[in-house]
Amino acid sequence: MLAQFPPMGWNSWDCYGAAVDEATVRKNADYMAAHLKQFGWEYIVVDIQWYQPTATSHDYVPFAPLCMDEYGRLQPAENRFPSAAGGKGFQPLADYVHSLGLKFGIHIMRGLPRMAAHRQLPILDSPLRCDQAAKGNSICMWNPDMYGLNCETEVNGVLPGKAYYDSIFRMYAQWGVDFVKCDDIAREYPQCEKEIETISEAARNCGRDIVLSLSPGPAPLEKAEHLKRYANMWRITDDFWDDWRALHAMFDRAEKWCIHAGPGHWPDADMLPIGALRQCTNPDDWTHFTIPELTTMMTLWSMMRSPLMIGGELTKMDEESLRLLCNADVLAIQKTTACAHPLYRMESTCVWVAPEVNGSGLYVALFNLTDDPLVISVTADEIQHPISAARELWSGETAEDILISGLPPHGAAVWKVE
Amino acid sequence: MLAQFPPMGWNSWDCYGAAVDEATVRKNADYMAAHLKQFGWEYIVVDIQWYQPTATSHDYVPFAPLCMDEYGRLQPAENRFPSAAGGKGFQPLADYVHSLGLKFGIHIMRGLPRMAAHRQLPILDSPLRCDQAAKGNSICMWNPDMYGLNCETEVNGVLPGKAYYDSIFRMYAQWGVDFVKCDDIAREYPQCEKEIETISEAARNCGRDIVLSLSPGPAPLEKAEHLKRYANMWRITDDFWDDWRALHAMFDRAEKWCIHAGPGHWPDADMLPIGALRQCTNPDDWTHFTIPELTTMMTLWSMMRSPLMIGGELTKMDEESLRLLCNADVLAIQKTTACAHPLYRMESTCVWVAPEVNGSGLYVALFNLTDDPLVISVTADEIQHPISAARELWSGETAEDILISGLPPHGAAVWKVE
Amino acid sequence: MLAQFPPMGWNSWDCYGAAVDEATVRKNADYMAAHLKQFGWEYIVVDIQWYQPTATSHDYVPFAPLCMDEYGRLQPAENRFPSAAGGKGFQPLADYVHSLGLKFGIHIMRGLPRMAAHRQLPILDSPLRCDQAAKGNSICMWNPDMYGLNCETEVNGVLPGKAYYDSIFRMYAQWGVDFVKCDDIAREYPQCEKEIETISEAARNCGRDIVLSLSPGPAPLEKAEHLKRYANMWRITDDFWDDWRALHAMFDRAEKWCIHAGPGHWPDADMLPIGALRQCTNPDDWTHFTIPELTTMMTLWSMMRSPLMIGGELTKMDEESLRLLCNADVLAIQKTTACAHPLYRMESTCVWVAPEVNGSGLYVALFNLTDDPLVISVTADEIQHPISAARELWSGETAEDILISGLPPHGAAVWKVE
Amino acid sequence: MLAQFPPMGWNSWDCYGAAVDEATVRKNADYMAAHLKQFGWEYIVVDIQWYQPTATSHDYVPFAPLCMDEYGRLQPAENRFPSAAGGKGFQPLADYVHSLGLKFGIHIMRGLPRMAAHRQLPILDSPLRCDQAAKGNSICMWNPDMYGLNCETEVNGVLPGKAYYDSIFRMYAQWGVDFVKCDDIAREYPQCEKEIETISEAARNCGRDIVLSLSPGPAPLEKAEHLKRYANMWRITDDFWDDWRALHAMFDRAEKWCIHAGPGHWPDADMLPIGALRQCTNPDDWTHFTIPELTTMMTLWSMMRSPLMIGGELTKMDEESLRLLCNADVLAIQKTTACAHPLYRMESTCVWVAPEVNGSGLYVALFNLTDDPLVISVTADEIQHPISAARELWSGETAEDILISGLPPHGAAVWKVE
């Protein structure tokens, strides 16, 4: 089963915006192979606008010409990804990532390039042209690259959107892509419902296992079953950054979505803004989160079984960050539990529980939502589980009766009760 | 802990409306003691308007005089509850129920009798009168008996609502009441938030363990934490009756509330309309649910850990009904699991899972939501749990690999996977 | 036709709240006859709770016993209205008002006294009792006196609400009442739609011309045609007091309602808080409105043809107030125009126009909505009317070309263009 | 003052959709000059997509190449407008229309051609390019031609949208355009508020009097003052066609907007679908409206003072249609009244009144909204105006007391009361 557990990896967006390049990807892949792979981290994902030669930041340049082939399929900008020269696309880079024992992912926008429609380019292996597949009024509100596709009505017996999506996913399969993050789609219900299904079908039929991730959030909760059926992960919030208010707001989202996490389908709380961030515009930038906040983030993402995609530059990680990213006991939660959910969520505190699926252990996470230090305790009665042997996974502390943690502002603890 | 597990019992409403009498209560208690107690059934609850002498059906008589003492406290109508004669209230009946090894519950409306306010009666052990505690604009929209109480603003240093609620709960404790179902309150947020807290406090301080149940639903989901803190159970729907549409609609409610079920606080899917119903107006009436629908109801209520309150006349139960009410394997789900939730809910099918808390077993319930027979199957991958030995709890069927059930229209199965 | 023009009079509420008494009514009537009648002022209206013996302010005493006859019909409290002694009701006071050449009005709450229902009193000239006419869940949210009536469903062939309303309106006719302000009803759509119709019918069939006024506002705009059909005037806002924000907000209301003003049916902007106010609690109190604000109020009410009901104590009126209340040129607007409406309403200024119906004159009102002095001008092109002779009605200023007024903060001018 | 009265003319849309051509325009202009001009009809308006060479119907061809000059300014397709050859644009056609004593109008979409942005064409007399003025996410939902413009933020000290709009309006002035119907804008509040202001400014500054009309509706009522300030007319509904339901729905719109009609600013009820319609796809097509419905339409549009734009092919008008279009007494309403509004609007009937501005006459329109014949009457009391001499303007019938009209289903009458 694809995405049996929540995917773990690195994504270029938080550091490099629309301007990531091949050298950067390679060095992060090298680092992951050397230091993180052993803990389960495996995906290297190239985020948005790898086909735009002049991108330099998190911003988009309206109407900038994009690199594409004669079938309207976007290609890596060779000035940024030299190994793509000669029409090889991402195949050489994917090969390299695979050679490290890792997996390779890319970002796409739903649809086809606007210029491919205006130029009336043909769709590969199809009698139709791009202008017949594009919907002139289906655009992204925050990015000027694409037109969305007609996935509802056949033209001359062919579903135009399917023809185009099949043409690009076959190319991705050929390149060796293992993961596609499709953007401008997860919150575009109901108008993109069929487009999601068509993309999902293209991914499943392309001849290679490709994990399908949908962005941006918030995806609508009432479409949970549709998302579970057609995607492997989907965003539950708008872009998440290193701001306590955003982290605090995630508790509400996590509570609403927790019952929908399971093998093959994962609500996604977005990338982890940890370590060096925003490198394309400020090489000295660092996450604004405190260590307790990062602990809360790692604990919550683990308990709710969100995918884990590191946003920081890997080669600049410090010891503290690595300690948070490589705690095998915490990372085990995602592989061994099911049915996690909040025990309660008050204004000042929140407690989550997650039972082991093939054992009688119980994970109990304690969160301090206030701006002050706080002691939080949980009894056996409350968790409906005897407490004879328990261990806190960040500190190693043990307990034999009641779980008590003194937590710094915005901090967290997570106990394993045997 | 009060209500460590979801309460189980019998309630007079579905059969006797506003017109239940002492003889009926006694015979149902006798039957429960003889046939159901051994399976965990224990509460005998007298529902609405036991203080109204002329009630004969599920309807209310506007402005009918109510039985009350000189402190505006409602008393059982002696023509209906003879043992209450001489000011003894429900004490003799409660004693009888206790003598059978069972527990005794009553229904109340929030507030005090309108006539007690208009007559300006004193509140027992308080310097205030009923007209000082009542809010003239706080009424029930569907029952004409009461005015709600001022639980927000002190009068002469006394909180009037607290004075009155303390006066009645002390009387209930003296009577031997174990369970109070307070009505016209669970969906009355935000205006009754303080009144809920005041009633909860009165129940906790009255000197006797009294389970507090709030009606009617739907209680607002966003008040889950308030309800968990101040009540032992609360209704999540309007009155539930024997109609497939109502049963079908419960799946959505159950999904939204499931994460809030736990020791001491239980979302309540309402009484079980099984067996002989509406006896006050039609002694020949019988539930309109089919056996598969009743199976679905018992399975869903058990998985979601709803309280179980039988609505049918116990002395008329047939073998088939008893089979559904007394399946020890199914009833065990409520005592041994936590964190139940839907695996998925599609238009035609729904699957719930519930892990054992002190073991590695997993309960898996399969529901056919269509009007046709249907075969539903579940794999080990989907439930994230190996399937080597599994047993269906209604039929005894076993499985060793994949869970498959052929289900009649609206039917259900529930497997225990070891 | 009843209420051919917007009614003009005095109402006791702004000065005396629930506590007005006979002496006060008489002296205000005397004053009106002597000083205001010649300008068209004619109604003397006794506002709320004339039947409550202990009222002393604008507040209500919950569950206070009310004066009523053996048919549940409220009667003037004799300690406050001595001439009502001996069951004569308001007849002696009405006679007195009539003797001055004025008209007499009273306030009522929709419904019947709660105690009349609880006591199960008979309805005069009807086989039904009050408890059969009252709806136990139809109450006023801000006053504890009454239950609303069943005007939808017959009981034993009789419409209970009609029986009761007929019984009180026949009594009012006998007393000599010319105007009834019915409260707790104008914004209670849709639940009171039938009750409005029943009251309207009772007023029309009672044997005397009684103007029917509905309160409180805001009445719903989408019910304009229903209101026009069943009432002579209805409130378009909540209670209006001497606060600029309330006066400023009236422009929006006036704009929405203006097309619905016409013979027999008048949108009502509420009483005029001018002069001495709140006398029951503070005999030294005076309107907080400035003279320019009072000018704006009188101008807007006149242009939109709102009923004019003075709220201040008449005997304390000063010269400035009388000048505003007795400008015959301004008061003529209500008798000679139709189709008034705003020409435009910007953030800082507003201009209204009102054409004469039997002539070619045009009234043009200019409003300064800002907190600063402002010069506002209007051209012939804008008003689609030549300007050869124009006169400002408050100042007497004239113009022959363009209308220009220098206005103080919150001030107004109104020109008549011949 | 521009548009002192509601504009009257002919528009090509109802007959020719996106496919109107020069010959058609000329023959309709000829007809208007010969038969309609004398009644006040004067505008000849070329509707949408005169720049698209392949348009043949009311549909749009996505991504079809459009005729434009090197500055991204759309030009008439020469295959459809031969006189535009040689870069002369609409000047020759405008000259011809002017030679007949008529005025010439065109339709535009807000924004600039998408291809002009993608091609990065320069803006005439500006340092900026089209891609710097276009907003990539500002599109029309129903037409694929244009991108909306940045009218909010300066680029290099220049407001890009203003630069482009100035460049096209100067060209229109040079061509001799008298009327511009700007589309995709009137209901696009708030996002197009600044764009409306910029277009309005360009029209006022272009050196020629150009009436500005905004489409499509419904424009938001709460923006009435903004529309009055920046446009001469604006649509109050979506496209209006020959369907009774649409005509019936106009009464509600007319009621809401009536107070906002006045010199220079006119709420627009859309074109008049009378006579031969949809000629581009069906030369035999004819309006589906009955004569009474057309009478209702002409009466309501006249009373509410909507602009009057004929939608039918003029050369095919029959006698009955001409009778409706050329009733001088009815057409006079728009020139001589103000302050029109409904007297009432019930489910079955509606009555409007409109006073003369420089006289004491009153127009009274009676509408039968039912599917059956109906007699409607109006009294002097109701209209607040004596009825001594009155004439019905469609039939010539007279009255001296009460206005009574027997109306066919969906029919209307309009009386002038002297």
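First chain written, first letter: the chains are A, B, C and D, and each begins at residue 1.
To be clear about the criterion, a contact is a pair of C-beta atoms (placed from the backbone, for glycine too) under 8 Å apart; a residue touches a chain by one contact, two chains touch by 3 or more.
Everything numeric in this text was worked out from a predicted model, so none of it was measured.
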Exercise. When every step has to jump to a touching chain, what is the lowest number of steps that links chain A to chain C?
Worked result: 2
For this session: Could you please state the distance in Å, as a whole number, between where the Cα atoms of chain B are centred and where those of chain C are centred?
Result: 51
Exercise. At what distance in angstrom does the C-alpha mean of chain D lie from that of chain B?
Worked result: 64
Seminar exercise, completed: Chain centres from averaged Cα atoms put chain A and chain B apart, in whole Å, by 43
Seminar exercise, completed: Residue numbers in chain A touching two or more further chains are none
Problem set entry | Which pairs of chains touch, using the document's own definition | A-B, A-D, B-C, C-D
Seminar exercise, completed: In the complex, chain C touches chain B at residues 62-63, 114-115, 117-118, 120, 131, 134-137, 139-142, 144
Seminar exercise, completed: chain C partner, complex, touching residues on chain D are 1, 4, 225, 228, 255, 258-259, 262-264, 338-346, 353-360, 362, 381-382, 384-386
